[in-house]
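Before anything else, here is the set of structures, which you'll find just below.
After this come two complexes, each holding chain A, first together with chain B and then together with chain C.
Let's look at the complex of A and B:
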């Protein structure tokens, strides 16, 4: 196993996904032995333009300055991994893509002129080729280490695109939709979180993004049957991953009604 | 072990539990968790819910109070025996890199805690017999399933009523249990009738020194069977098998796929679905790796992924695979339908798809 080099870059995001690495504890220390970390600002290692095997990218492209920076990162890395909803689908902040964000600035900030941002917040894949995506808000340590282990072993990381329901039932959790008519997004959302919301009796709100083959229309109709208003249905689909294929369109369908 | 009914007065129910515990079994019984009746460990029957009734329909499950004061006036909850024998997640074997650059393999078998399950229904005993055939009948038997299976002591309960989703009478699997249990209870107003189905069961009854059931008690039992049977939905398994075998081109699959979420809830709660996938979980440094199997579903992407291609990309062929296997081609494989009529796939479908209606839809389309 060759010692691969690693960089962790950040764009518009809350920093929560990088914590998946720092929070790995002993495994993080072990990782510093197995890999050479060349850039990881949150851990105090700085070399923005380092050439690396693996670039982990968090956050969405939201400012003018982000545009050349992501191009440079792509050029300097062999594999580019996006982590989290922001980098993978644009994240929560992509909600502004559907509105006049310039007007929002004026309404909200005292000196909007001092804010330098793009009209839209977009995922990394809208700008450069991405080799692998880890979804979630935030991602788990387990998912990130699994992907790194695969790359160290010289194989493609496994994509976990199954529906959350399958993971939820493996944990013998009782379905909150069936017992409580709650608008759970699990049937269209990727697994990987361990079904943490259903396990405390809450409906999944889709933070892991769309699963493969998601039947959003059927689920939205079910929510309607539970008594949700059209705009509430839109918000279920748009909350964290509004720009993700599948969730975006279903939200639009109910937004227009 | 003659199938003779004895009378177990209410005040001896705990004595039975105590004797089972004393024999080394962890007792599992009904328990309300997350608004549903599931199995959980207990030591006293006072921990069992009393006077609870369930209302079930497509995509709906509700518990309410009722006044009979019975322990078992409810029909089956989301769990059968499957999670107790075929575990949702099971470590299979571990490989370890050794100093001389070879690899050691170590099987992760073991003897799980002996477990007595109180309140098993006839449909789940039928399902267990099917899982036994799948996992144990061919040599070599699945050692993980066998470990989970052999530790069980099964105390069945005959159903006093059926849910609106039940159809075990049509599939020939209920509502009363005929075999596959160690003990079987029928709840009456003043106590239980109890019958042994194994040597272990006979020993337990003998030790309790019970009297034989009276005629009027046996009459109540027969009436209860009539009531629970009459409350059920109907399905003709022979006709269904025939219809589904001709249904491959039916338009109905696309119609059902409009509603189907392809989420796998039906297969997870199904007491006979046995598909799994396997994965490797290597240590970070690669010095060892665990091979683990987890429940999978024919509604998943990976289920039909073969050599770079997913054969069933869309929902319609996935639903067709599930339904035609369960009700039709299963018979070719195992000599009977894979459905035991528990109705869980109806209740626990978040989209509220009713499997009996789906079969009707497909059959009607086939006959056109």
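Let's look at the complex of A and C:
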């Protein structure tokens, strides 16, 4: 395996996906031996414009200043890997895309003129070509290391786009929707989290984003059957990944009712 | 550029902090001219996302404010909303929330000590270099961090944005076996943490005592997590509901995180503030360890925050051991929730200090209004004050690199979580002459023969902070020297956002001084800046709080050859004595 070089960049985000590395303990130190980390500000390694094999990008694009930055990152990297909901779908802050965020700014700030902010928070792929995406809010250390190991081995990382329901079945987890009438998003949400919400007895809230071919309409109707109000159904879809294809449209449908 | 007192130093990104931002420092003649901790990523509007959401979504929304302290956000939100619904946690839930929180403090403090702070004190750039030199120290640190994460995951199933907490308690009580397993790990880690603390105590940390006010929660008998009154070391003792009456947030131009002040003054929150105010609430065993340290508490040296974090890790392990030793899964890990209309307050001790929430909810439990004050925005003003004082004492004549490193390590003492305010920091230390108006001597002066051809135009708007130029004019009118000029024919006028109407005003005069405020509620004591029109053309973005139009109007005036022969723009950040002197000396008075 060749020793690849790596950069970790942050845009608008909570830092939680970078923790997939900083919380990895000995694996992180091992990774620094296997790969050459050229930029990772939170870890103290600084070279914004380093040429790298892999650029890991956290966060969504939400300021004017972000636009040239993401172009430069793309130019300086061979593969661009987005991590987390913010970078991959716009994240929670994409909720502002449905509102007049200009008005919000006026509500919060006395002198909004000094604030650099775009009207929308958008995923990286809306601006530059993205090679690989890891979904989830937050991603897991395992998923990130798996992707990096694949690239080190010279193969494309596997995309895990099957549904959370499959993960529950694999773990023999009793279904919280069937047995508890809870409005679980698992039937339309990607696997990868370890089915943690059903395992603590609660409904999945979709933080890993839409799975392949999500039948959102059918699920939303089922939620209605459980007695959810229309605005509650809207908010099941308009949450962590509100701008993702599938979730956005289903939310719109119920928002209009 | 040839001026020996002028130096330009730029470092593009402050490292080893959570999130990103900038420090702008201007040193001239070995004095700090201006200092701004700049945070310029846009807000993520969390308070707005919450509006219209049902109470049950709130813990999962606010967790996303910060990947490093999501538990703190979930706890403050739960306490606030439960108080609005008239609920109070039963003893098991109360204890388990403390245990959950212990995990976050251990994780966050260990991450900060080993990955972010220690390289500063051991001459390394990152933990990677550190791990080669001090493999055992790093191993111990990473293991403690992992244990903290495991404790969070015991309840939350994962450590970043955990899913186990809800309004009313927890979705599920951890199994006995899982809790017992963690108890063994905690017991094993306890002596490690003592060793860590003693080792940290041997480091030679800078001696930098300053006077500042510490603020923390204080509980009747416990070291504070989720409950208590707000106290400081100057006699403050208020309920969390009264927070807004003494702690005031306001916007400063260089930051999108709002600054928070206590009665108009900076204050400290976080581990050192907690130890300073609550060390008598630590268990006797921990107080004993603390008493044997070389480092003394209470402390007014911010570098002792490192030891305060170490002490809190030890305390959390002690607390976790106590709570896990008596652990039994409760058959009702959460309370029944009945939404009702009302306002609720929550204030808990996040790893970085008090995190205050207020929610207004409707009768169906939907948020109609939310306000969140994170610890880093509270520490911002104190950080600037600290840098100003500490760097001056450290010696502003020192080499730029040494100053920059010192400034960065001082910032790291606060473990600023810029992600909490979600922001972008790059550090540019500038020792340069911007075009400050130095008084005295003055570089610029109007050459007026006919005073009826001279005018001062004060531009502003009625909005808060934008009346500076107007205020200045008002205070000038009572100055005798100035009145003499007016008697000779000098015009003084105040205008409200003139836009292109400024062109008409310019036409009538040959000597014009335009006064405008640089920004809204600016706190930093900066000198007024005098700009000639050509300078303004290059710096339009730094001026004005109302997107001016002044620059545009002046550009047009140049094109139309309509610019008075002497035109200056005075950019104010304060309507103070300095500004008055500036105006007077421009006209050759005073």
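Rule of thumb we're sticking to: the second predicted complex is superposed on the first by the 255 of 257 C-alpha atoms of A that agree within 3 Å, B and C clash if a C-alpha of one lies under 4 Å from a C-alpha of the other, contacts with A are read in each partner's own complex, and residues count from 1 in each chain.
We adopt the following convention: a contact is a pair of C-beta atoms (placed from the backbone, for glycine too) under 8 Å apart; a residue touches a chain by one contact, two chains touch by 3 or more.
Treat the numbers as computed from the prediction; the structure is a model and nothing was measured.
The superposition on chain A brings chain B alongside chain C with room for both. In the superposition on chain A, A:186 makes contact with chain B only, while chain C stays out of contact range. When the two complexes are overlaid on their common chain A, residue A:12 makes contact with chain C while staying clear of chain B.
Legend: residue contacts after superposition of the two complexes on their common chain; A:72 is shown touching neither chain B nor chain C.
Shared-chain residue A:218: touches chain B; no touch with chain C. Residue contacts after overlaying the shared chain place A:93 against chain C, while chain B stays out of touching range.
Rounded to the nearest 10, the angle at the Cα centre of chain A between the centres of chain B and chain C is 130 degrees.
When the two complexes are overlaid on their common chain A, residue A:137 makes contact with chain C while staying clear of chain B. Between chain B and chain C, more residues of chain A are touched by C.
Of the two partner chains placed by superposition, chain B and chain C are both touched by A:201. In the composite built from the two structures, the nearest CA pair linking chain B and chain C is 10 Å apart. Shared contact residues of chain A with chain B and chain C: 201. Residues 12-20, 40-45, 47-49, 52-54, 57, 60-61, 64-68, 70, 107, 111, 115-116, 119, 125-128, 131, 138-139, 142-143, 145-146, 149, 157-161, 163-164, 166, 171-172, 250-251, 253-254, 256, 258, 417, 419, 422, 424, 463-466, 519-521, 544-547 of chain C are the ones touching chain A in the complex. Interface residues of chain B, counted against chain A in their complex, comprise 33-36, 38, 59-62, 78-79, 83, 88-89, 257-265, 268-269, 279, 282, 284-286, 294-297, 299-302, 313-315, 347-352.
Residues 1, 27, 30-31, 33-34, 145, 149, 152-153, 158, 161-163, 165-166, 169-181, 184, 186-188, 201, 212-213, 215, 217-219, 222 of chain A are the ones that touch chain B when the two sit in their complex.
In the complex of the two chains, the chain A residues touching chain C come out as 10, 12-20, 22-23, 25-26, 28-29, 32, 37, 41-46, 48, 62-63, 65, 91-93, 95-96, 99, 101, 104-105, 107-111, 113-118, 121, 137-138, 140, 193-194, 196-197, 199-202, 205, 207, 231-232, 235, 239-240.
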